[in-house]
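Next, two complexes with subunit A in common: one pairs it with subunit B, the other with subunit C.
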Partner chain A sequence: MNEAKNGAVSEAVNAPATSVASTVIVGAGPAGIRAAQTLLAHGLRPCLLDESLRGGGQVYRRQPEHFKRSAKALYGFEAGKAESVHTTIDQLQAEIDYRPETLVWNAESRTLDTLHNGRAAQVPFKHLIVATGATDRILPVPGWTLPGVYSLGAAQIALKFQGCAIGQRVVFAGSGPLLYLVAYQYAKAGATVAAVLDSSPFSAQTRALPALLGQPSTLAKGLYYRAWLTAHGVPVHQGVHLHDIQGERRVSGVSWQQGNQRKNLVCDALAFAHALRSETQLADLLGCDFAWSALNRAWLPTRDAAGRSSVEGVYLAGDGAGIMGADAAEMAGELAALTLLGDLGYRIDRARSIELQRQLAAIQRFRQGLETAFPFPEDWAAKAPDSLIVCRCEEVSAGEIRQTVAEGHWEINRVKAMCRVGMGRCQGRMCGLAATEIVAHASGREVACVGRLRGQAPIKPLPFGVEAEQ
Partner chain B sequence: MALLKRLAERDRAVLPFTLDGQPASGLQGDTLLTAVLTAEDSLRGSDFSGEPRAGFCLMGACQDCWVKLGDGRRVRACSTLLEANVCVTREPGRSL
Partner chain C sequence: MSQPVEVDAVVIGGGIVGASAALFLALSGKRVALLERDFFGSHSSGVNYGGVRRQGRPLSQLPLSRRAHEIWGDLRAFIGTDGEYVRSGHLKLARSDKDMAALVAYEEASRGFGMQLQLLDHAQLRARFPWAGDVAVGASLCADDGHANPRLVSPAFAFAARRAGAQTFEQAHVSEVSHDGQAFVVRTADDQCFRGPWLLNCAGAWAAQLAQQFGEPVPMRAGHPAMLVTEPLPMFMDVSTGVEGGGIYARQVARGNCVLGGGQGFPLDPATARPGQAAILEILRNAVELYPPLAGAQAIRTWSGTEGYLPDREPVLGASSTQPGLLHGFGFAGSGFQIGPAAGEALAQMVCAGASNIDLTPFSITRFQSQPHTSSPAIVVPSGTDNVIPLLRGRSNP
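== the complex of A and B ==
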């Protein structure tokens, strides 16, 4: 057998009978790619399913094939890691069953339902690694449905994947590490960054320093982006509460509250988010146990330290099971694959597995520091006006959600059934968190106590007639 | 008027297409979203009030970028690459 990278012992000792394609990975981000690589190094050829055009996931999203910018221009300090992940997936392609542009829209009793090129198919599995990643965590602001308002991740994708800025004069708002990173990337690429509006107070970042020092290079990069912005004349405001985004048919300005001052700025685009949320629908449909994570302020599928979910044969890796960032995703992917192999009776490098678990635990502590530096704005729900559109699909307002609570409902799925919040095409990906915050606040409960929005198949809308084709 | 601004990768092949029956053009490697929003400022009208929308997440999550193609398919503009001569129609949504 070929020798695995990272010193893993790769002799596949007579693996128990398991057919080749019975091991499936969903998600070709850093977690899924490292998982696939590790399985293959031990002689197991997985099937790797990913919805996007090219592997790499969110953080190392690739530009279309004939684009010319260098990895350095696209990924900055992370260029080396990005290239390594890309080279890996390029090399794996020939040896595994890699299926890009393939959405997994349902999972039931050991079968995945997929959609590729408008055609539905079924992929049976015995062992599954779910590495579905994350999307932006959104706390809506009045005016957020206007053209010109995007999530922070969207602003980054426009630049990385398409070479475009979301506007001529862009404001970046919200909180989390992506805030400063994307503002910096825009300014570097020649866009006009009108301001950075950080909801977290400066004092929070000072308080977080001791924990952040656990990962000095990551901390240094964050400080660098910030200092660079200031040095290049980009105004950075902290402790900001976004008041509203103005515009008739598109963005024309933004106003915010800072202390007792109201401020305004003219801009034609704004990107915002408050960190990230895990993409957990598949784990939900697979029947995985969920637990409340105070750190993520979300219900997450539970996994043991080695990456096993509560469902036998189902493993979880990467940001889809809790936000830990790109480096952790690579480690978690490798770890989940090693665990899977070990459970199947393959001989694995146990020391490597333990080392990965140790490193992941260290990153988890750093993550705690980030949460202190960029705290969730707990007063968001109290400040959200009744007229605020929370659910952009069904156009449900904060007032309508509060009315539903006033009628005696407080369990989030019940509230959804009553006022349609989270029932639209995005399945609550954009509004679910905000709706939960409003229900908790209006009903005087903790966010952890109003329930968890259930995933439902299809987890993303299908073209008409696809289900019938089955 | 354009919403998005091109900053890089401008020397690509030009692909002609049709937007709401009018001739339009984008560049090879553009998503439909990029091709439309580098010339126009919206992609669709919202389902309940017909307000202009121009996508939001660009990662296939929000579903607020659907456009209709000449063959009747509805696709997410952010995750569909532009092909030469495709007919794209923006749907007005529903006005109350």
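== the complex of A and C ==
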């Protein structure tokens, strides 16, 4: 049956015969939700799969249903956007096939493998929007496996979702806009923020200013968080190299290097990350082409300006295909949906599509500025001591990785085969980038030239004894 | 064009077969070049299940397998590492009286090859291996078989060959082979050139092309056994296991992870493969009844490989019948990891002494010459080989 009802008229001679289940979206973050909304508005009811309990994705993560904090308290400046995204998913729920708590763990030909409540099932698709988002990029430091150490994202989730802080006296470290945001959110929520340790030097941020002025409101928010922190007596240190996190059974302090000074601080929790990394395994399992992105310092699935991947019928939207932030994710979700609809022969608002592409390009320039403001700490690998555990699942140290490189290996999958880095529970999602940095540095190659960790199913661990639909 | 490097033998393929051939040639003082398109041991030889077992092989392979067993026993001396090789025992479980009868028959037939198989009835099995699921009615134990880490062992053969004097090359894709009347001229895609009177075709699942070029087509097909590994679990078994009649096989490594295999994958391209969805789920659903301690455990990774299978599931090992100086060693049908070092040694002996110590007649490439390839015969699965040759999917009949 032709689905182009609700006034959406097909341009094609033969109306597209798309069954309900044949258009699937993975990820109910801002990108996935806007994509679903756009599809539905054109009369196409997608299936929306998301691993988490409630839609909203990373940035607009929702509290459990019985929690009653205000949007303003949870999302600050972004409260309006968060509420809009949440309202949208709440309204969509009845009309689309929304499946929360459903992990997509594998893809083969035109079928996704899912896991929901311990049951495995398959979702066939003809058209797929991959909106799997991002998680923190971690550059390990000695002591990072101590209890009380969190990623910035996890610290924020504790606050947004569970409404609790990770400690009494918390240090925030790393770099990227999220660093100041989370520190601000903690301080606002009443936690003691002992310090913010930013690896990027102040000069970098001055240099980045012209590019950042392209998004004055976003820049203003960033400046606001900083100013607020300073005004409330939170020490902010820049150009910091995190030396180690101390503690016996739990974090008790942190020491860092600034210029040639070593400094210490007492704390009972620490959250750190160096910006974000895209969740690309699903795109990989789907067979999408990848290319090196110098901006993201990562291999990313390639997409054209309209959101098409290299695989026919597969579209990419949001931070899962390169970090651009929440606003861009919403736009990219809408854009990918419009592109999909257009490819199917639906009549779409082409001007809207072009406008979205224009705005996304502008955000991309801003993103360039952010990278200047919060540059990747290029000396991280050189400074990582041999004893540093890089892969915590398999307990592989920087020294062991270097030893493997010294034995003549330089390709990351090969290094993994030899010394087990990235072979554990997280399958390299946590340690893969750090390991790549060490391999590149130790082998004297560019990070782009040591290969890309191959994605292997399952995307997240799968239990034995799963029941499966036949 | 570059000047050819003159050697006594050129080996195509840096899997365990080619690398051990190169090692034994170099140890005999031959000038040898080992050419690997990708990385040493990065295909079947480095991604296999890691079963180092003689038990269950067709009788035709047992002389070679017995020699391989000696090499494995001396592994560190040969390759400088133990590659996590342990002689843990290989336990083959029977799920029915009929399967048990097959194990009994195999034990009888294979006497004389030094395997000392021990047949265990239900009570003996429960007493010695209390973890075994109740679906197992009995088992056959080969106490001296074991398992090893293929990721470490197979590349180590190539590195050992290099230390012994072989010229070894990774990322060296052989793109052109010819014979100038006296010697083979072998060219790689990056325009290296080698010349020598002996050529060893150890190109695994990709070896048929060269055989074809020399007028010896073989009906080889690629298979892709599906593999899966769990997070580390408390140690519950040390033996490597398999099941009579095929299905699932499993071992637990010292770190606690369990490696399991069963079912088939599919090719992504000619050189890489991935497990099938159905195979992964079948392992996850069916393994627990054989290995109850796996209940609730989590699988963290799956993978597969590309392996060559001939219709009779025996390898092609020995001299070409059309081209003097050409030797083949490929098509190990899902069980060449254990036997690979002995296969490589046999090829080296043919170069050095004109013949191998062990009779290779059952593996001659000539066995395909009388048969028209278009009507390939029904595949007869020799009993016992199938626990690493998962043409059979899922459970056998209870």
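The rule we apply is simple: the second predicted complex is superposed on the first by the 451 of 470 C-alpha atoms of A that agree within 3 Å, B and C clash if a C-alpha of one lies under 4 Å from a C-alpha of the other, contacts with A are read in each partner's own complex, and residues count from 1 in each chain.
Assume contacts are C-beta pairs under 8 Å (C-beta built on N, C-alpha and C of every residue); 3 or more make two chains touch, one makes a residue touch a chain.
Just so we're clear, the structure is a prediction, and the values are computed from it rather than from any experiment.
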| item | value |
| --- | --- |
| Partner chain in contact with A:Arg249 - subunit B first, subunit C second, else both or neither | first |
| Subunit B versus subunit C as contact partner of A:Gln122, first or second or both or neither | second |
| Partner chain(s) touched by A:Arg414 [first = subunit B, second = subunit C, both, neither] | second |
| Which superposed partner A:Gly163 touches (first subunit B, second subunit C, both, neither) | first |
| Contacts of A:Pro463 with subunit B and subunit C, given as first, second, both or neither | both |
| Contact breadth on subunit A, by residue count: subunit C or subunit B | B |
| First (subunit B), second (subunit C), both or neither touched by A:Gly322 | neither |
| Partner chain(s) touched by A:Arg425 [first = subunit B, second = subunit C, both, neither] | both |
| Subunit B versus subunit C as contact partner of A:Gly55, first or second or both or neither | neither |
| First (subunit B), second (subunit C), both or neither touched by A:Glu108 | second |
| Touching both subunit B and subunit C, residues of subunit A | 424-425, 461, 463 |
| Subunit B - residues contacting subunit A, complex | 3-10, 12, 28-31, 34, 38, 41-42, 46-49, 51-64, 73-74, 79, 81 |
| Subunit A residues touching subunit C - in the complex, by the definition given at the top | 106, 108, 111, 113, 120, 122, 287, 411, 414, 417-418, 423-425, 427, 456-458, 461-468 |
| Residues on subunit C engaged by subunit A in the complex (per definition of touch) | 39, 42, 46, 151-152, 155, 230-231, 266, 268, 274-277, 280-281, 284-285, 287-288, 294-303 |
| Residues of subunit A touching subunit B in the complex | 51-53, 58, 63-69, 118, 135-136, 144-151, 153-154, 157-159, 161-168, 189-191, 249-250, 269, 279, 392-395, 424-426, 429-430, 460-461, 463 |
